[in-house]
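Pasting the structures here.
In what follows, subunit A forms one complex with subunit B and a second complex with subunit C.
On to the complex of A and B.
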């Protein structure tokens, strides 16, 4: 009994001492003392299509290497020919981010990773003279209208005269090492200082250990292609891991007037005005798409808002309706537009017919489409007042359709004359369309439509689908939402005005000059180009706005619920622009069913609470390939892009001692362990002698 | 349980049970049987049931080794060809490793 108590006391004492040391040590983990974590959220990651994998992955435990900052071309030679401390992690500015550099790094076998650092003073305009685009020279050609099998006459056009001559296809290449983009200035300086202090060769001679090293972690779960990783995600009893997920988001759209299923929609009565919602880069968490997406999105929004002010006039005299739509995932094989066409063909756009839903929204199908006006890149015209109109040579070979298209072109010309700020120039009729959503429609139906861009031939945007396609690229200069000095928003506003004027004429057959609101245009531009926590987003975004950062909008389509806050905020903004305020309090301001023709949104931060009735909604933008049973992944009919799953991406910087020192430390540890075991054993066997205790009587 | 302390007929009964159970595609039964009764079958002082036990132990041992060789060969073949066999191999897998073709 007595011994039991002492035993318990001893345990208590031990616990106290242990916890005491624990609190005294106050737990900074050894790991945190060794490693310094720097910006690692912009990793190049893996994506898959039906046949290939693209992007980057690290090894399971990450890739480490000795840091080497490349300042000039000769530094590469030094690493490959003289550098003794392989593997290296190379750090360089976007100046060296070319296919040739990355290929040489792969071939050398001495490189285990790359970080692309963007110092604050890096100016692409003066330093990157050749432009930089991760896209191919013919973006989206493989799933477009002019592929080799369907339209051989036009298939070769882009190969002879590429739309995107700066295209490097870097986005579509599979790299053997991880690549990170680092824009945080503290991290950039950290890398530079550590390199200069420890690693920078002196007179061409390598420095000795310890050397500054980097560890890059971005291990991707998926492999091979979409077919393989989608299959793996679906089988196995423990399949909670996401090997890969289909690219997924929402098309955001609304019509000028609500469409009730009880009223028939006349054929050729819906004018579609479309723009592309998404942009892409090689890296996670950065996809500004200033010209490739934002210019079109804001022009569309601004024009929609301007037209909506004349809603009653249009409804009273015309049976035409106008559908404003932002297509999502167009970069990755026209996901959004091909889904809308597929749904229309299946008779389920926007939804299948539901029983027992009052005031249900009508189904729209391909025969209801009248004209199709699409805004692609419109933000970088060479001559500030000049934009180009593209038409499709194949469908316009039909004389009837050509008449309609000519009518559309004339109306656009008249509108531009009326507004008198922006001139439209027609591109030669035998030139096929540039990459555009209307191609998805033209693959299935003959409609007359135009694509409005800032380029006649090759893109004016030197940074198409890259992280450099930001507000600097389009020279958007406003520092706040009310800046009037900026010229860019005036240009976008002019385009929106011409567009609105043309739409008014198309719908009502009467001329009327409609001017878009430049303040609204600037506010919208400011939000998407510079800061997604802007006033408009605060007013309309509701709960969703809280999840956005004070940064440019991230426009990558992403996977299901990957970037949904951005999409919801965009939908709410559209709802605000294409909606009527109604007298309803918060509790009544909600929809009975998503199948209703009208939706209600409550904006609690707008004028102390506002209820808006609108037709704006979002519908799924996921490629039909993932809905069709037994879809042939290699058929090339629909987009098959998926994104790999991963657990984390991070970059750590640390000082690495020489191998000898590392071995010495480990050996020292082993020796001291063995010694302590021997000492304890010795003390135990001589306990009587050392502590003067008698051995306790044996139990039982 | 110490086998040595059991009466001889119990030893035989247990050895026989394990031997029979092995036929139900349970090679571990044979492996256990072979190792457990190895001493009894070959080195224990002779007794009438020993001959039978020895027979069971030998056959169990051979059976277990054949299974072991078979399983190891299958694992090697499967792991080397997993990515080539595509869908079939995936459906045969219980846990599919991440990030490997």
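On to the complex of A and C.
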């Protein structure tokens, strides 16, 4: 269907039109006069876990329906009670994107699809007073640390005091019709204009045909659940498109100093600094996660860069190492962190021991971990100078561990005093941890760790894991990479400074005020929050930069064959921040083996070509559930999320004729045929008389 | 439009030619071959029009230019086709298997050729539109006339019929060296084609084209030997004629019926 007319074809067509000589001028395809394709890349799609399916799908040929734009609540009633032209495709702003609305639409049986339009002047802050989050009230709880806890205080904590009170679980619901998000203003206007011109009821009376209609195409291949879906895939897919694929991406990490396998890593010597790399929404191609993820990512990167400037000092006095890691797929049941833990337990983190590889990277296991510092949402504190520290009540019941944690808390406190910008407040000790990657570790090992957030109890982020969690939500106001007026990047930079100062103290046991670079922080924030074609990405992104659009980063994990540009770009940026420039030309700037402790990256757009030696690399982030033979899909041990395959998602707007008109045309056609059969038969059978072939005798 | 309207418009435009083909052409292999061959000549005309159109880049924006030359090419190839079958008459006699009707009655070959031209031109002009009709939508969202499909089908039908009539008139003119008739065909084709440049003012174009169609039809009918008297006798029916010339008519019907 999506055939495009090439130049030559177009010319031919035009001539065809000429020789027939009665069609539209200019030789445009008639199709273009009937259909307008509008933004259709942000479709709600299907995902599966071990037991359920979630998301949306259209029918194979798409869902069509008469467009109805909902401007106020009463418009719903009009459609359900009076609207005679069902099925309808409803269009409304995020204001009406609630479970109740979607459920009523499903129950009415009159709705074949929904488009959520976001006009330019839509201001979530003043219009969406209740917040909006597609997540559950207790994100990731079922795969977290406390789910199986015997202590009801912890296991049921979130249900009593939800972390995410705005959670609608909409992301985790299976809808019967396709749902699309439309943010492109031309498309939004197109919908609005077409509705007003052809469909808008006049004084409550429905308009007559032809009516403006939409076709939503987002047919999903997968069904039922991951187990069924993966089993089908293993039988052998019928086409190149899979029924479903496990969620898949790469954890991005690097250490301050290289770890050679020939040197033993002391126990409790690796300080892990972690943040979550991914975010999700109901819709494809949009997952800004400004506070959900970016705030943590940038704080970590900025702190890592600041620490790395003091690398030599730390290495000289300390045998500790620092591991900066960005976990992928944490939204979907802690995929990245559980994979790291699994690999560590299997003795294969980052890789199994290889023979014949020189300077091989050492293996890290769970006993090597010293402290664990995690950054979750840190961008929206109520009081700009106040962040909260969460600790785990279960593991800290152990007095030895409690001492370590207290030490860590003291150091963080001292660091905040030293930097004197951001204060830390410890959350009550009996409150369990909010959703965080450290839970994956604590399920298997007792380590002392903290989770730094901007919230004490419930999330300060009203749009957790939604498409509205963008730069507007966190009030990031910089319009370019050098804007100094913005307060947000200063806040993030302060947190990074405190973190770097604390890490320095943890590693060296000496106090030293370390300040992160606010310009770098701002540049990074600008890239991820507003424009992935920013200068930094151009310099470090290499080939990957060409594929990115001038839009906020898309933070969804995707699947193995999915889009991975922002993961690579993030790794390159990390490599730049945690790497040393070395004198090598482009051809020498490469690694012999990925198992080497050092990697080399060549940035051709950085100072006319720069080679960087670093420990930064990426390791697979796919749930162990897909690697364990005979894994029990219902056990709830590891994430089982998969994503459905699909061919295309597309939205078209067009006019639909009335059935009466259609019948009339068909009748006209039949009449034309029957009449001509009669006439031709008459003329043919009496051709001799009609054309005077037998006139001579007749004239006689 | 929907599948329903696809069939509706398809039948409106191609119903008559379908009936003509089924009842008068398909029954005779020679006629079928001649129809396809004449359609091929129309395609050649299209090819040359296209080459000219592609070559003259400067005039591509002027639709009228293409229309005029396309018409001229079509008429030129109609003439070439005429020359070819003149030459091939001997051969035709051999293969016609004792049935001399197609050679003796020149109008039959003219009619077959005209229908070949008409069907192929109708197909080429409407198939694009028909193909785009199958989706769920109809035209009109962007301010285009809502009756575009019907108008296209009706215009297509007129052109198919016109080609049939022009075929008869054109061949007759060449046989009898009646150059006025020849001029009429070319001018009528030119007028009918050029009037479509006024689209989408269908209230002007469609009546004009249909007036030309009826006029050409009447002329073709007369040229082929018809008159109001023959119509009357045709309506009065066969028995009278059978009495007079039973043998000849018997032959006739048999040939037509085979």
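Keep in mind that, in the parts below, the second predicted complex is superposed on the first by the 621 of 700 C-alpha atoms of A that agree within 3 Å, B and C clash if a C-alpha of one lies under 4 Å from a C-alpha of the other, contacts with A are read in each partner's own complex, and residues count from 1 in each chain.
Here is the rule we use: contacts are C-beta pairs under 8 Å (C-beta built on N, C-alpha and C of every residue); 3 or more make two chains touch, one makes a residue touch a chain.
Please read these numbers as outputs of a predicted model, since none were measured by experiment.
Visitor: On subunit A, which partner touches more residues: subunit B or subunit C?
Guide: Of subunit B and subunit C, the partner in contact with more residues of subunit A is C.
Visitor: Applying the document's definition of touch, where does A:219 land relative to subunit B and subunit C: first, second, both, or neither?
Guide: Touch partner of A:219: subunit B, not subunit C.
Visitor: Would you check which partner chain A:119 touches, where first means subunit B only, second means subunit C only, and both and neither mean what they say?
Guide: After superposing on A, A:119 lies clear of both subunit B and subunit C.
Visitor: Quick one: classify A:60 as touching subunit B (first), subunit C (second), both or neither.
Guide: first
Visitor: Is A:685 contacted by the first partner subunit B, the second partner subunit C, both or neither?
Guide: Touch status of A:685: second partner only.
Visitor: For A:228, using the defined touch cut-off, is the partner it touches subunit B, subunit C, both, or neither? Pick first, second, both or neither.
Guide: first
Visitor: In the superposed arrangement, what residues of subunit A touch both subunit B and subunit C?
Guide: Looking at subunit A, the two contact sets are disjoint.
Visitor: In the complex of these two chains, what residues of subunit C are touching subunit A?
Guide: Residues of subunit C touching subunit A: 1-2, 4-5, 7-12, 15-16, 18-20, 22-24, 45-46, 49-50, 53-54, 60, 63, 66-67, 70-71, 74, 105, 107, 121-122, 124-126, 128-129, 132-133, 135-142, 144, 146, 148-150, 152, 155-157, 159, 192-194, 196-197, 199-200, 205, 224-227, 230-231, 233-234, 237-238, 240-241, 244-245, 248-249, 252-253, 256.
Visitor: For subunit B, which residues are in contact with subunit A within the complex?
Guide: 83, 86-87, 90-91, 93-96, 98-101
Visitor: Spell out the part of subunit A that touches subunit C in their complex, as residue ranges.
Guide: Checking each residue of subunit A against subunit C gives 11-25, 29-31, 33-36, 64, 194, 198, 210, 212-213, 215, 652-657, 661-670, 672-677, 679-682, 684-695, 697-698, 700.
Visitor: Within their complex, state which residues of subunit A touch subunit B.
Guide: 57, 60, 219-224, 228, 231-232, 235-238, 241, 243
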